[in-house]
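Several structures are given next for inspection.
You will see two complexes here that share subunit A, one where it goes with subunit B and one where it goes with subunit C.
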Partner chain A sequence: MRETDIAIIGGGPAGLSAAIYAASLGAKITLIDDGLELGGQLIKQTHKFFGSEAQFAGIRGIEIAKKLIQEIERCKNIELITNATVTGYYEDEVITIIQGADGNIMKKLKAQRIIVATGASENMLPFINNDLPGVYGAGAVQTLMNLYGVVPGNNVLMVGAGNIGLIVSYQLLQAGIKVEAIVEALPKIGGYLVHASKIRRLGVPIYTSHSLKEVYGTDWVEKAVISKVNKNFEFIPETEKELEVDTICLAVGLSPLSDLLWQAGCQMKYIVELGGYVALRDDHMKSSLDNIYIAGDVAGIEEASSAMLEGKIAGLNAAVSLGYRVDNFLELNINLRKELKELRANPLSEKVKIGLEKALIKREVD
Partner chain B sequence: MIKKADIVIIGGGIQGCSIAYNLAKKGAKNIVILEKNTCASGSSGRCGAGIRQQFGTKMNCILARESMKIFETLSEELDYDIELNQAGYLILAYTEKEINQFKKNVVLEQSLGIEAKMVTPEEAKEIVPPLNLEGIIGGTFCPTDGNVNPLYTTFGYAEAAQRLGVKYYPFTEVTEIETEDKRILSVITNKGKILTPIVVNAAGGYSGPVGKMAGVDIPVYSQRHQILITEPIDPLWKPMLMSFSENYYFQQLPDGGVLGGYGDPEHEIIGDNVGSSWQFSRTMAKKMVKLVPILKEVHMVRQWAGLYNMSPDAQPILGEHPQLKGFYMSVGFSGHGFMLAPVTGRLIAELILDGKTSIPIDKLDIGRFKRGELICEPSVV
Partner chain C sequence: MRIKEHPILEFNPGKKVKFTLDEIEMEGYEGEPIASALVAAGVKVLSRSIKYHRPRGFFCAIGKCSSCLMKVNGIPNVRTCVTKLEEGMKIETQKGKGDFN
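Let's turn to the complex of A and B:
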């Protein structure tokens, strides 16, 4: 059976940063990602990033990915397994890997430490006919357009006015696609107002306190029915509006992809501020199990910038726990944590901070 | 929570629910089911729910036949569709010794009105066209064997029981059983105490520890048993495929997924671990592909595990404990407790309420181990 020091599951900003950091200490790394290319969410993010300057704000997501991948390729002690899904973490601490979309060979890998950086999955919404072709997640639409140059349809209804809904709407408009409307169940827009005003100026109505009730169509989406909702998100009768759309784009949040952590038996907790079930962790990003670390969206839905910092912390501490040495270990830890703190020192991070407090395993000495 | 009951059943799996339903149906009142988790969260919700009538002892054949009779009309009786699928069991033989045993079984089964018959390898292939006959020298087929949806069946019993007045308490764990003068006094749970003269141990994989709470030593242990399911595929075949010597059982379910597992008593973990191993999925995949080669193209989507509650002769332990009045057991089913639940539930209810049963189960008492009268059933996985 193949063996390695640290297996990193997921090659998004968190996993890539963890790999680079741990490899710089000399650890043997195996990085596994199910994408055709490394980079996770970043490879489709053509917009300039928000966030702190130290963490690449102002740079486009795809550029960040390129930089990280270049660094990875320079590291001799990082083995890459791409186009491969980690399908399980088993009781003998073996992870199983299936390569290729139709792969039928199960590879086994035994690692002394595992960093789970699997990111998140898009939330689905229950409405009538939600399985008709034409119903997409916003992330999928972004991938189609920005990675493969394919437009999803001609007339889009965007569901959700958080940052993702707003950014993807804008990118659809840039691609010449008509966005009929954005509906948002909450009474106010969740994303940055600059994004929202840009979209409004382009003539797209944003209906707050509205949600998608139903879609119609024979073989694909032909029509959507939206309706006003009350405080409890119940549809208010006789407020329905019909929209002629062929594409529904759901931007209704992300949930941490934590299945492997469940299977491993990490202590898990439902923390609404972090997007769902997450593993409890200490400030080294170590879960309740000594050999498992976490980083990025799987640890709580946040941003690429925080994912990279968490990745570095997990990478550093996983390598040191295996006996790899770095001179200023304590200082490095403190600095990385300080950077994270500064990154989160804005009103928009308040919710995340409450969530992180609930997820923290406090250690006796530090 | 209720303070006093006439009968407390520990365990809300298929056994506990069937017993409760049958007790209530016979008119008993003040029945309580205590379940530490949720309905069917134990082995009952994890099992293959295969139902066969092909056994090697008269008693097991009769019990299984009677159970199948109940299953046949159970959806109507419980007013809950349990998805009965009578597609048969094709049990394959790989050795002469097995063939000889099967011949004896079939004679016995036919004498008891069970429709099993011997089949040649060619006939087996007619019944299951994608079969690879390598190593197979014959088998038996019983067309009226089948399977059900284990969750729906357990829910069906639980809901029907509750309609008849049974109280079902989920998330209620029994932690102690109080006795006095070789009689049951009460059970203590994480939610309080219930006074009761009668306790039924239907705790599945935890029946040993529950016995200890009452100061009773039940000769059972629990062992993990794993199972997997594939993605749904076009219909390929219907019956359950099973072998005792090659050690497997699997079947394509009506919704298209192929479900099955194998027993591994030498390596599997003893105790209450219900985690999964990659060794299982690899070995099971090999077994499945060898027998039905076309499955090579199919993905597994899920694997999980449950507990077999094993007794020394792999037969259930049923009845009241001779040294503890009011302490009834329905335990030790050793991997075939789902198929028997309709009939054993009825018989335990008869035993508690009438003191006698319409089908004799006295041989399945706990005393048989001391007496050295173990039951020798040749046909179990």
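Let's turn to the complex of A and C:
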């Protein structure tokens, strides 16, 4: 059976950063990713990033991905298994990997440490006919138009006015696709107001306290009905409005992809501020199991910038726990945690901070 | 449909390739996901739900929702959103849970 020091599951910003950091200490790394290309969410993001300067703010997501991938390719002790899905974790610390278009290649890998950086999947929204073709997650819309230059539809209703909803709406407009409206169930816009005003100036109405009630169509979306909602998110009768759209783009949040952590038996907790069930972890990003670390959106829905820092922390500590040495280990740990703290020192991170506090396992010794 | 002009992105698609969907010939680019080539060709229904045969389309693009499962070169339940298109591929809409016939 193949063996490695550290298996990293997921090649988004968290997994890539973890790999680079742990490899720099000399550990043998195997990174497994199931996307068609490495980079996770980053490769779809054509906008300039917000966040701190040290974490590439002002650079487009796709450029950040390129830099990280170049660095990975330079590391001789990182083995890449791409276009492959980790499907299981077994008690004897073996993970199973399924590869190939028809899934007929199965590899087993025994790893002394595992860093789970699987990211998140998009949330669904309950509305009538929500399974019709033409209803997409925002990430899928981004993949089609930003990676492959494919038009997902002609007339889009965006559901959700958080940063993702706003950014993807703007990207749709850039691609020459009509955005009919944005609906947001909350009474106010969740994302940055600069993004919102940019979109409004381009003529897209943003309806707050509104949600999507129903979609019509035989084989695909032909029409949508939106309606006002009250404080309890119940539809208010007689406030319906019909929109002629063929595409619904859902940007109503993400949930951590934590299946493997459940399977491994990590201590899990539902933490609403972090987007759902997450593994409890200490400030080294180690879960309740000694051999499993976590980083990025799977540890709590946040940003690429925090995902990269968490990845570095997980990578550093996983490697050191295996006996790999670095001179200023304590200082590095303290600095990375300080950077994370600074990154989260803004009003939009308040919720995340409450969630992280609930997820923290306190260690007695450092 | 494909995006014709973009203010910041340049698309460098691979080689043009031919494939079939239920024996109808179509074109796409080598290496793009099969499902993306289908959407570009105007195909919206990729599969049918097992029990009520409701139409299913492209949804998550990350291989996690099973909305895009199709038969590819005779193999059922292939996630076409994370499988690369190749010259001459035989794509079929699959009935029910899928079989190898």
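Convention: the second predicted complex is superposed on the first by the 365 of 366 C-alpha atoms of A that agree within 3 Å, B and C clash if a C-alpha of one lies under 4 Å from a C-alpha of the other, contacts with A are read in each partner's own complex, and residues count from 1 in each chain.
Everything that follows uses one rule, which is that a residue touches a chain if its C-beta (ideal position, glycine included) is under 8 Å from a C-beta of that chain, and two chains touch if they have at least 3 such contacts.
This is a predicted model, so every value here is computed, not measured.
When the two structures are aligned on the shared chain, A:Thr96 is found in touch with subunit B, with no touch to subunit C. Looking at the shared chain after the overlay, A:Ile236 reaches neither subunit B nor subunit C. Looking at the shared chain after the overlay, A:Ile354 reaches neither subunit B nor subunit C. Of the two partner chains placed by the overlay, neither subunit B nor subunit C lies in contact with A:Leu330.
In the superposed pair of complexes, A:Asn83 makes contact with subunit C only, with no contact to subunit B. The larger set of touched subunit A residues comes from C, when the choice is between subunit B and subunit C.
Judged by the touch definition given at the top, the superposed model places A:Ala345 against neither subunit B nor subunit C. Interface of subunit C with subunit A (complex): residues 1-9, 11, 13, 29, 32-33, 36, 39-40, 44-46, 49, 54-65, 72-73, 75, 78, 81-84. Against subunit A, in their complex, subunit B makes its touches with residues 273, 275-278, 281-282, 296-297. The part of subunit A that touches subunit B in the complex is made up of residues 88, 90-92, 94, 96, 104, 106, 108, 263, 265. On subunit A, the positions that touch subunit C within their shared complex are 34-36, 46, 60, 83, 85, 101-103, 121-122, 131-137, 139-140, 143-146, 148-152, 174-176, 219-220, 257.
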